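So that we are looking at the same thing, I have put the structure below in structure tokens.
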């Protein structure tokens, strides 16, 4: 299609979504951008807050805890996204076949994501418990020394990563699975005839054809990894020390615990910029649009306006 | 290279039985053409050989190896799909070279091979394009090229030239004929094009509703069809059929009464009084000579050197093929001649040839 | 029903120029057949009429309405796509009735219309299936049916019968011819099948690389091609071409020396000494009579009533069409006759007919 | 086309699958089994696999649904039932609206080239990058003081829809791209305008993507806590809010938390079961040649 | 009848999820019966309650008539002028109950929770005034395992020296049992635990001129004390919140527990606790001085409350002698000396007397209640966690805290009046 469409059409398609996002997201975000120049505590209405110019940003530069949590965040996001992509896509490839009970099995692998984060946090916290926790009990049964799951900085970081991977691999999994199921079957048949082995099929046909979905999935997961909050909050509350204090947690605490909304807003604006830079650096604007524009179908689009 | 043997092969999709038990042997190095009406199971047969469909019953043998459970990649088969099945994310060159690259052929060989085939197919200038940027016929040629670069033991072609123009098709026919003669492969070829079927096939297999009606050389099938179906299917324009009844050595019906030639009359004797169908090829209706018959010319279809006259004999439609020079005005009834030596008789119930 | 006029229509995809400025008028109620080699821009032309491509330049007029910017749904056009484009999530009945349902036709009408067309196309028993459960030819018929149930002003057919067997194709041809005669629509039909082109088209338009080579009736094109391209493209088997040179009223080349008939000789006079190509249709090479020529028979292709002899005249290949009864042993050189009244001469540089 | 002939997977496949399933399910099984234990058993260092299951924790969680009054419960939190209804209404509504608006927008971004496309698409992504924690206060302020929709269900639905739209828009774009464009062309030829083309032809074909997006959207709407806590009033509170609110610092009632967690997980799991059935193979098989 | 005018009103109150308030809710029916005023309770986890209130109180008309607030919210709410000054109500003869007996309220609690406007702004003083009344207030006591102490002939510690000595000696005497269970998780918990020791050991966060003195000798001693306790405590103690610490004690994994009195009821509940009946309670040991924690909740009337007067009646009823006693009998924490002295209560909860005694030493200034406390508290907590898990030197750690705290205070304007150094 794509030729000869009314020039208003795309705007009509976009209007409802854009309207909702403008009202319910952009508008508040506008507030937050403004707020980053204010000294604002949540007991005040925004009009009552004092304008402090760039002070919040200046303070951020000298905030060692912020710096620390900045690096923790980057490390965390990089590690979990990498693990989850590999596991999720692998799992999807594994389950992309027609066997009996497949729907049920797939649901099993989606389950972790469906548990409320707060409950996930509590369950894992229980499992990591130094004495009654599952892991140490198993280690104990095996005659191994128990591990300081949450009470040592590096261990706690790893523990948090494990919990996150457990909960979020399903995200990658469902989307990859959906992508796999939408692949043109004929291309796969052709590749089978051309002699592609399982791995070659994955490497040369399935992954490249899934690429648009994979790029977006990784991107969304990365963005979300920068915002993970509840599970870490429950598991470690950022500790020990600052070892698991990711930015989202710090921002949330700054807003609600320290009651410094302006400062939190400034942090989140920096996070926003960081994410934007990372997004563009990792995926590049062209790859992103490529995920959107037709790599596959007859490459035509409606030109209007 | 293997000899391919279908041993009571069955295939059904859910409740739809597509192939009732099918026996068929394709000798080593043979070029077999599968023809049959749309939906009769030709593609299914190819896909079973390729390993893209599971057998519902029976077994397929490559020489003495049962391959029914083998993965396609282990069957050493190249295939041109009826629906092309190009890799949408690869450009043409990569589409064509995919199998070779998987087989880790040296790069130089791959390149030269791809170029050779692409040139043969007139698509060398498109090598950098993606399939989405090609016309229908160009895509079909890529699909063809993808199989032809390969060095497989069995080649399966599913209507590989249907979207090409006559000229290109003639050229491809020649290429295929050459390939058939020079390299020793087993090829199975599905086509609706009579010319392709007749010129390429060492053997033609005529299928209908999943069963084999007849197999043999083009001349066999044209000259000696075993039943009405094959007779009507092979030959273009198709054979004309007239309802008639045998009385002695004559066969007569609405608007005609023909004396049967001696051999046919003998065979027809047993069927005396039986209701038959008389099969007359359009090329056996001539303007001069033969057994006279009056036909009303309804339409004249110009086909270049020949024209096809659509005529009526009683209620039945008869087509006659004549040279275009011999203009016949339409709307008139005119006396034609039937070369009775070449007519065939078919049992009206069973369709079997008498 | 409208008269369709292309007014310097241009189309390019990115840097690929597909249609250089194109002028073409299709009269109201006319059945136009577009033919041309694969990739020459036939589908693109249809898609421009349908509104599926934006014009890169020029304008298309339906009567005196410029439709270049109209949405497809406002053009009242039905189309059969070369690649079918069936709705995979709808069964056949719903595929075919989609347009009618969109137009909010009464349900009873839709059902009867769908059934009528499905029966005509031999797919009535498949109405409940999804496209994925059909054979290639069945899909093509659904694509055809989807257009035929509609009551549009313009019908566009893009190789609609390419995957059907000869018999079904003949039947469809008849149906289309009837549709052409009974309902007053403007139809544009793309095909590679010479028979379809010749039997269906009120007018045949021959395209090459986006430009129109010639348009006219089948007989025009066959008997009076304006250039070598048209001459070589129309007619099957294709015309033979021999390189030659004109000297006086003769034309000679490697292995032949023919006396030109008077009218041609007159036309050729101006080109004396020029290098030309001599065009000889396979049907104009006969076994007896005509201007004698010695040809070495290389292959004999059996086509049923006719056979095509592939022969060599010097280095050039010549095809001759003879009745199958006249068996010619291959490998021998034999004297044939050329009906010189029907030969054509083409300028070797420009391809123009002399 | 039809089921391709595939080799039966070997024992290694099943072993791997089993191991992975074990890892995925382990914590959930733990949650469910702990929900059937008394707190003493849960936290006892000698706890074993053998225990006497009790439904006390479920009685506590569901006390206002029970026809009888379990004696171990000193005080019944009457809000769970209402919260469950709120949660269902909110998540179903938010999911439905998000999907419809999201796929429409995604369609526009994929198929049309128009002024502002790049900006729209990147902005969409950008708004997803803002942590909800900072949005909390402005959203509350705007909802309360400007829109006057604080404490209403649609106020919450609105913010969930907005929050999930970027995700849906981005993810569906890459599925829409894969729909053979010829089908849209066919629909346009059949007389469908852009909207009907979209809803009747494109939408059914991106079912796998829609299902995946739906699962995810539902999950967020169902489990979201922060904004729900701020925006909901007593009568519109959702289940996660009631759960978190019943946690005390003095005494983590593990049993009840696990029971509520289990109960809380049931609706999204059912939803997933239904939705993941839509993730099916070969949606576009048989559509086009190519 | 003072209640008559308000009979039929429905009050909406906002309470935390907390054992004391669970108890309070159980007696609300009695209030309704007596007064005809209906009460609807909105009970929230206490941090969430605080977040909710922060938003709620900015509204023009709020949902809540009466709120329970966390002690450290006092500064925020009063500073933002969101709480009713109770003077208006106690001054109103139609509302104020003459038998209320303010003197009976535990002074440490009142000063800590209810009063603002005196010394340092958040403490009582000449110009102070009450904005809330303690309800569900807490102090710290030491719980210990009588059986273990008896078995090894130990006496419960009364000083920090004894405490720390015992904390590390018990694990040797009783393998598998930690000395003392303490909260220590990163953040608020570690900070709380540290402050718990800071006041008795003679330290303070700020001196009278708001200069941070947290890094003085007493501060270091407190940090070391905490470290000793955690090191000799049950395994994994560095991740404990109060619930886990209490659970460890309940499961017999620790011989001592130093924290809020609110946990006592749980220890004595055999359905949760394996040590019920084997727990003794003594006062928070003393170091330089005896100074136990003050904290918990108070009741207040929001400025934007729809039914303020009826709300006051409820507040007064709940914190009256009768109310306090009724709640205490349901398992709440009394706020009145008279309640603690009540024999009936002591019969039901034998530890009450000790608690009443301990309360005399409740220190209202054991931590500052100022608006910027949140971030300082978090900083202390994080740093303490580093001391506990990463071996950070206490002095160095506290120096860092002091420095950052000073910056925070400076920015907040606390040094505006003090001459620059």
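Points worth noting:
Going in written order, the chains are labelled A, B, C, D and E, and every chain counts its residues from 1.
Definition applied: a residue touches a chain if its C-beta (ideal position, glycine included) is under 8 Å from a C-beta of that chain, and two chains touch if they have at least 3 such contacts.
The structure displayed is predicted, hence computed values, not measured ones.
Using the contact threshold fixed earlier, the set of chains in contact with both subunit A and subunit C is B, D. Looking at which of C-D and A-D shares more C-beta pairs in contact, the answer is the pair A-D.
In terms of their C-alpha centroids, the spacing between subunit A and subunit B amounts to 57 Å.
Chain geometry summary: the mean Cα position of subunit D and that of subunit E are 39 Å apart.
Looking at subunit D, residues 1-4, 43-45, 137, 141, 180, 182, 185, 187-188, 244, 252, 282-285, 288-290 sit in touch with two or more other chains. For subunit E, the set of residues that touch two or more other chains comprises 51, 55, 58, 244, 251, 253. Counting partner chains per residue, subunit C shows two or more touched chains at residues 51-52, 71-72, 82-83, 133-134. Every residue of subunit A that touches subunit D in the complex is listed here, in rising order: 1-2, 5-7, 9-14, 16-18, 20-21, 23-29, 31-32, 35, 42, 45-46, 91, 94-95, 97-99, 103-120, 122-124, 126-127, 131-132, 134, 166, 170-171, 174-175, 177-179, 181-186, 188-189, 192, 212-213, 215-217, 219-220, 223, 226-227, 229-230, 247-248, 251-252, 255-256, 261, 264-265, 267-268, 271-272, 275-276, 279, 288-289, 291-298, 300-305.
Against subunit C, the residues of subunit B that register as touching in their complex are 13, 16, 35-39, 42-44, 82-83, 122, 133-138, 140-141, 158-159, 162-170, 192, 194-195, 198-199, 218-219, 222, 232-238, 281-284, 299, 301-306, 308, 321, 323. Residues 47, 50-52, 71-73, 77-79, 81-89, 98-99, 102-103, 130-134, 139, 146, 150 of subunit C touch subunit D in their complex.
Every residue of subunit B that touches subunit D in the complex is listed here, in rising order: 13, 47, 51-54, 69, 71-72, 82-86, 88, 131-132, 136, 139. The residues of subunit E lying in touch with subunit D in their complex are 12, 16-19, 22, 25-26, 40, 42-46, 48-49, 51-52, 55, 58-59, 63, 241-244, 246-247, 250-251, 253, 260, 262-263, 266, 271-274.
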